[in-house]
Structures are given as C-alpha cells and as structure tokens.
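After this come two complexes, each holding chain A, first together with chain B and then together with chain C.
Showing the complex of A and B:
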C-alpha cells in the first residue's frame, strides 16, 4: 500500500513539475535562455490566484484571471528584459534572469510580508477514500487539470495555424521567418502561454498547501531546470516524462535513501547520473 | 582599523580568492559553473575537520585545496561529457548534492548545525587579515600569469570554440581539467580561510545563493578580467554594508543591480572601464 501511496504522491508532484517546466522548456527551445525568473512568475501566479479567490470567493474565476495576468507579465519580461540581450552570450541572460528572480521574490516579501498568506476558505479540501488511500479533491484536480491543459496545448500546437507557426519557428526560426511567420509574435505567444502555465501551477500548489509565501518559487526555480535538462532541453515530450519520473523518483527516494540525502539532492543525483550516461538528456536528440 | 573593518577586509580577501578561482573556470576557460560554493564548502569542512583533529594551520589549508581539487577534477571530467547549458545545470546539481549530503550527515559534519569551535589559526586578527590579503595577492598574480601564458591562450581557444581548438591540436580535455582543478583548489583555499576566520560553519553558508553570488562577482566585475573580478568581489562584498541604511531592501537592490549590469553593461565593470579608457584616448587624439 505504501508503494501505491508513494506512487500517487510522485504523480501529483510530477504533474506540478510538468506544468511549471513546460513553460521553461518552451522559452528555452525558442530563445536558448535558462529562464530562472519563470519561478518568480509561478509565485506571482500563486499570489494572484489566492488574492483573487479571497476577493471574489470563486476559484473558477480567479484561476484564469491570474493565469492571463501572469501571461501578460511574462510578455513584458521578454520585451523589456530578454529581447535587448538576446545577442549576448548565454550566461548574460542567465544571470540577468537570476537577478530578476531575486528582485521578484523580494518584491513579494516587501508587499505581502514574509510569512505568507492563506485562503480565507480553502477550496477543494474535501477528502474521500479511493483504493485504500485518502485523497483530497485538490489532488485529483491537479492531476486531471495538468493533463487536460497540457493535452489541449499539444492538440492546439498540431491543429491550428498558430500552433504550426510556433512549431516551425522552434524548428528553424530563419526558415519560418522567410515563410512570413512573425517570429516576434511567436515569441510573445510563447512567453504568454509559458507564464500562464507557471501561474496555474502556482495556484495548484497554493491549494495543496493552503499557503503562498515569498520563497515559494525557490524550489521550482532550480528543480525545473533539472527537469528540462533531463528532458533534453527544449524537448516538450521529454520534459513531461522527466517531470513525472522525477516526481516519482523523489517520492521513493525520500523514503529509501532519505537518511543520507535530502529531497533536492536525490533529484540532482538522479539528474547527474542520467546526464553522465546520456549527456543530451533522456529524450534529447543528438 | 577597528575590529569591524578588519573582519570586512578579511571577507573581501577571501571572496577575491573565491571569485578569481571561478574566473579561471568560467572566465578564462568558458565553462559555466553554478556550483562553485560546493568546493568552497568542501574546503571549509576539510579544514574544520583537520583543525579539530589537531593538524597545523598551513597543512589543513593545503588539505582543503587538495580535497576541493580532487572533487573538482571529477566535475571537470563531467565537463568533458556535457557542455554549455547542460554543464551549467550539472554543476548546479553538484552544489545541491553537496548541500544535501552535508545536511543529512550529522555524525562527523554536524548536519544542519554545522561545525562549531574550530581551533584558531594562531594569528591575531590583523595578522590573519595580512595573511589572507597576501594569499589574495598571490592568487591575483597567478591569475594574471596564467592569462598571459600559453595555458591562458589555450583556455581562450577552448572558451571560444572547443571544436576548433581541438582541430588545431589543443588538448581540450587536459586544459578543461587543468582549469577545473586550479579553480576548485582556489575555492578550497578560500573555504579553509573562511573556516579559520569564522571558526563556525553551517551548510547554508555554501548553498546555491553563495554560488550565485560568486558568479555575480565575476559577471559584475567583467568575466575573464582579473582586475575586474577583484573589483567585482570587493564591490559585491561591501555593497550590503553600504546599503545598511536600507537593510530591508538590501536583497532587492542586489537583484536589481545584478539584472541591470547584465542588461545595460554585460561586460561588467571591466567593460565599462575599457570603453571609458577608449573614449578618453579618442578624446585626446581629436583636435
């Protein structure tokens, strides 16, 4: 039974990781930027979702609003922070992004206080029994929600003009531009969708723990990087698989080897081992 | 100088050694490392354990350099396997691995509580400051020497384009390993000096944030420039002290500064200095 419970735990975390990491991998595949500030947008999503839910009393209303708002902030970050330094060596954008992330965390702390906020009345906390486990509604919502959102995105990327344009640009920006695709529009769309996804993940995690705090982006900031590297940097399918794999590995690892490594160390030990065997990531092409 | 200034200057000296070590790896040889604090930590823990078992100061500092460099070579081997962004994230992983293991190991390394009551080095505070500054000076000279030597030339070739370097006969693997072992040995030395300075270390002194701040010193100073990196290390160490009057906004200012330097002057202080110098020369030549 422990086995099943750990597996379920891993799956829930894996879905959360996937929702965060897909945005990151989208940014990477298009611009070759390791976008650490993505985790800042994740935290912003959590804050907005919680504040809007408390103000309106409806999560259904708050979630899309928070996602859209964070998406717009993501576009602004691209326009004002990354676009001017795209031609520089990659570490420039990386360090700029880290600076931005630190600043975002500090802004949350200064505005909302260091101790975090909780829901006035946390939604989806009802529990029920299934297969011998006690499950909260929110856990089901996270798994189903992530699968649904990512499924719809993948469908859209295959069956709409915009999706095809996006995939063409990722493949070969110059060729796409010569076919009349606006690379700039694709980049904005990319940042909008990626950031909105991060916001959704932020709201999910705030529901899971009934808490948003300034440092909530800390763990995803580096763990999402491990995930996209595992997935082969810029490979969306790889990222999804790596997220689930990492979630499950962590869940089992903390039980079986938790005595001499903490959760983060397990995640990174796993990543390093995989990279030594396959330097291009689990699912990366040569 | 009061006791406060002496402590501050000692920390500046330690950070200069630390940042110059990373500059060897990242600046000269072009291998981005986001886990430099791990080697700093390895040095500090080695020194702490050695000092507690009665090993003399200079020997335990040497042990710290050796231990850090030994692990550094292993990570250097990883850099032969993974490249660019993959390497950046791998080194970040090494940092978290180190931290995760140290945190859980409470028999020898003290777990979360760290190691306290590390024996003194045996110099007075001003004497220790001079010792640290002397080592920092030696490190700076070494760094300048390497940059002008054949090795520095080969590093530059590897940093520019390692495939081309390999084609023209540069032994890329050997030079990468050399850069990693030298840079991490310096981090180990800095860690040892830090352990003797505070005489109390905890795992969080060597976390991801520390790695980032070392990289920031290099980047703000000007990646690859010895003078720039020394200035960067000094500036970023002293900056929190300048901003004490706005203590609550200290980190915010730090983040914004990091972002602003990369956004507006990506070549750091050294780049700004060079362009001022060039403009000044141009101004003098003009009628």
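Showing the complex of A and C:
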C-alpha cells in the first residue's frame, strides 16, 4: 500500500513538473535559451489563478484566463527581452533571463506583499478513497489535466500544419523560413504555449498547497532546469519521462532517505548521479 | 526568367562571388560548374535569398527580388534543393513534403504529395518514416520532392549527385530530364561534369567567385582550353567525346 501511495504521489508531482518543464524545453529547443524567467511566469500564473478564482468564484473560468494572460506576457518577454539580444552569445540571454526572474519576484513582493495569499475557498479539496488510498480531487485534476493538455499539444504538433511547421522550425529555422514558414510567428506561438503551460502548473501547485507567494517560482525553476538537462536538452519526450521519474524518485526518496536529505536535495542528488553516468541526459544523443 | 546583374555576394565581410552576370531563359537547364570554393553554391543560395548581396541585383520574371525574403522568393516560384539535402530529419517523409507546400493551399499540398509519390514511388512506401532514417538516395528524392511541393517555376539544385551511388544518381537525373521536358527552368550546381553537360542547355564555369567561361555543352566540348583548364577532362577516347574517367573538378 505504501508503495502505491508513494507512486501516486510521485505521479502527481511528476505531472506538475512535466507541465512546467515542457514549457521550458519548448523555448530551449527553438531558441537555445535557458529561460529561467519561466519560473516567474509560473508564479504569475499562480497569482492570477488565485486572484481570478477569488474574484469570480470559478476555477474553470480562472484557469484558462490565467493561462492566456501569462501566455501573452510570455510573448511580450520574447519581444522586448530576448529578441533584441538573440544575435548575442547565449549567456547574454541567460543573464537577462535571471535578471528578469529576480525582477518578477520583487514585483510580486511589491504588489502582493511578502507573505503568501490563499484561496478564499480553496476549490477541489474534497477527499475520497480510491484503492485503499485517500486522494484529493485536486490531485486527480492535476494528473488528468496535465496528461490531457500535454497529450493534446503532442497531437496538435503531429497532426496540424502549424504543429508540423513548429517542429520544422525547431529542426532547421533557415530552411523552414525558406518554405514560407514565419519563424517569428512560430517563436511567438512557442512562448505563448510555453508560458501558458507554466501558468497552468502555477495554478496547480497553488491549489495543492493553497498558497501563492513571491518566491514560489524559486525551487521549481531549478527543478525544471534539472529536468530538461536530465531529459536531454530540447527533447520533449525526454522531458516528460524525466519529470515523471523525478517525481517518483522524490516521493520514494522522502520516505527512504528523508532523514538525510529533504525533497529538493533528493532531486538534485538524483540529477548529479544520472549526469555522472550519462552526461548527455537520459534521453539526449551524444 | 532569371537575370543576375553584376552580383557580388558573400558571408559578412568575405566575398564569395564577384561581379557575376548570368541569365537563364524559361525552360532552360543552366549548369554552374567549377572547383570547390568557386562560388557556385553561394550564387545559388544568394538567388534563394540565403546569402547576403553586397552589390548587383537579381531579377526573377522581370521583378527585382534582390531584397526579397527567402519566403517571398518561394512564394514567387523559386524552389531550392540545398546542398546536403537539409531535410527536417525528425519529421516524417510526409511532414517534410507538407513543409515543402506550406506556402500553398492545403488542397494543393495534398495533390502535390500525390504527384511527388507518382514521381518517386519509393517515397510513397515511406511516407510515415522519419526522414533522417532514409538512405542517401531516398533523402535526395525527398529533397527534390519537397522543393516541387512549393510549385516552383525555377528550381535551384545544389550538388544533386553528392555522396550518392551511380544508380541513384541516374534515377535522380532521369527525374530532372522529365522536369526539363515539362518546361521547368533549372539552375544546377554540380561537380559531376559529365552528368551536368549531358542535361544542361548552357553552362557557366566559375573560378574564385568569377565567371571564367560560359557557353553550351557542345562549345565546352569543342574548347580544349576550357576542358583542360576548368573542367579537368581529357579527350580520352580519341573520338572527340568526353572520357568516362574521373569527371569531377577537384
């Protein structure tokens, strides 16, 4: 029973990690930028989801609105922060991204205060028994929602002209442009989808812990970076698998080696061990 | 169809082509020949819009396209089969063809894929296969097919025979002959001189980015100086024909 519970816990966290890390890997695969500010968008999504839910009383309305709004902010970040420095070496964009992330945290602190906000009436907190385990509805929503969203995205990328255009642009932007694909539109779309995914993950975690705070993006940002490295940089399938693996490893680790390491330390220890054996990541090519 | 006036182009400060004039008539196959680094591929990529123009101009169907984007040139009817194929290796054969027809209507793309499959039946058997897993010959077929999907009137082909087996090269050139007979205008960069001379209506020889000879294949064959100096060929069979030895310009 403990095994099942830990596995379910790992699956829930793994799905959440996948939702945030896939957005990050989308940006990396297209622009080769480590978009650290993605975690700031994750926190923004958490804030907007909470504020909109409190204002409207409807999570169903708040979630897509928050995702769309953060998607637009992501596009603005590309336009005003990254596009002007794309011709510079990659570390310039990385520095800009870290600066932006810190700035976003401070903006949240200034606007919403240094302490966390909570839902007026946290939705999806009802519990029920399933296979001998006690599960909250929000946990089911996280797993089903992540699988649905990522599954739909995967289907769209393979079965629509726009999806094929996106994958072609990731493969060879110059050739893609020469066949009439607007690389600029693909980049905007990429930032919109990636940022919207971060927002969804932010709303999920705010529901799970009934809390949003200015620094909530900190740990997920490091973990998402660890995940995309583990998955093989730019590899979406690898990112999904690494997310689930990390979630499950953390869940089991907190029980069996939790006396020596906390949950976050386990994640990084796991990454270090894997990278010592496979420096290219679990699913990356040499 | 295509007129290049005093074209100089290159990469940053480095000039690959100097003061090149070239004209290609509708329905003509024009071969660009020369040694490695002569500027053949740079000329082709410049016409496709991928290499920066330093001076001069490019006119396509009477319109100055010198400053047009690669996308605009594809829409205008300039198709490219680049050196090394440059397929989207993670995409399937069918998806590569879809990208080829991206600037056309969806219905035109579907019809175009059927046409390409009729030309290259082997691609039809591998529509769902990853392009990166195809053999060299199949990849070249796909590169040609992808360019045809954009419904070009002018097809730019860079190093068609590079790295392919003779039998595969034969079938690729057979396709070019068919396209030629259907009135397609083709500019061909090729190191295999014998094959280029066999299909071309006119040839231009480049050396260090400059035009050093131009004429028809018959004139090239008749010009001993041109053959020895630029094509590296000898009249080996004593009958005035080109030998079957190493025809490559190195």
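Assorted remarks:
Everything that follows uses one rule, which is that the second predicted complex is superposed on the first by the 286 of 286 C-alpha atoms of A that agree within 3 Å, B and C clash if a C-alpha of one lies under 4 Å from a C-alpha of the other, contacts with A are read in each partner's own complex, and residues count from 1 in each chain.
Going forward, a contact is a pair of C-beta atoms (placed from the backbone, for glycine too) under 8 Å apart; a residue touches a chain by one contact, two chains touch by 3 or more.
These numbers were taken from a predicted model, which means no experiment stands behind them.
With the C-alpha superposition on chain A as described, chain C and chain B fit side by side in the combined arrangement. The three-chain arrangement built by superposing both structures on chain A places chain B and chain C 90° apart around the Cα centre of chain A, to the nearest 10.
In the superposed model, A:143 makes contact with neither chain B nor chain C. In the superposition on chain A, A:43 makes contact with neither chain B nor chain C. After overlaying the two complexes on the shared chain, residue contacts for A:92 are found with chain B alone; chain C is out of touch.
In the superposition on chain A, A:172 contacts chain C only, with no contact to chain B. Put chain B and chain C next to each other and count what each touches on chain A; the higher total goes to B. For the overlaid pair of complexes, the smallest distance between C-alpha atoms of chain B and those of chain C rounds to 20 Å. Taken in their complex, chain C has these residues touching chain A: 48-50, 69-71, 73-75, 80, 82, 86, 88-91, 95-96, 98-100, 102-103, 106, 146, 150.
Chain A makes touch with chain B in their complex at residues 28, 32, 34, 81, 84-85, 88, 90-96, 98-107, 110, 222, 225-226, 229, 233, 258-269, 271-272, 275-276, 279-281. Of all residues in chain B, those touching chain A in their complex are 26, 32, 78, 81-86, 88-90, 92-94, 96-97, 99-101, 103-105, 208, 212, 215-216, 219, 223, 248-249, 251-252, 254-263, 266. Every residue of chain A that touches chain C in the complex is listed here, in rising order: 161, 164-165, 167-168, 170-172, 174-182.
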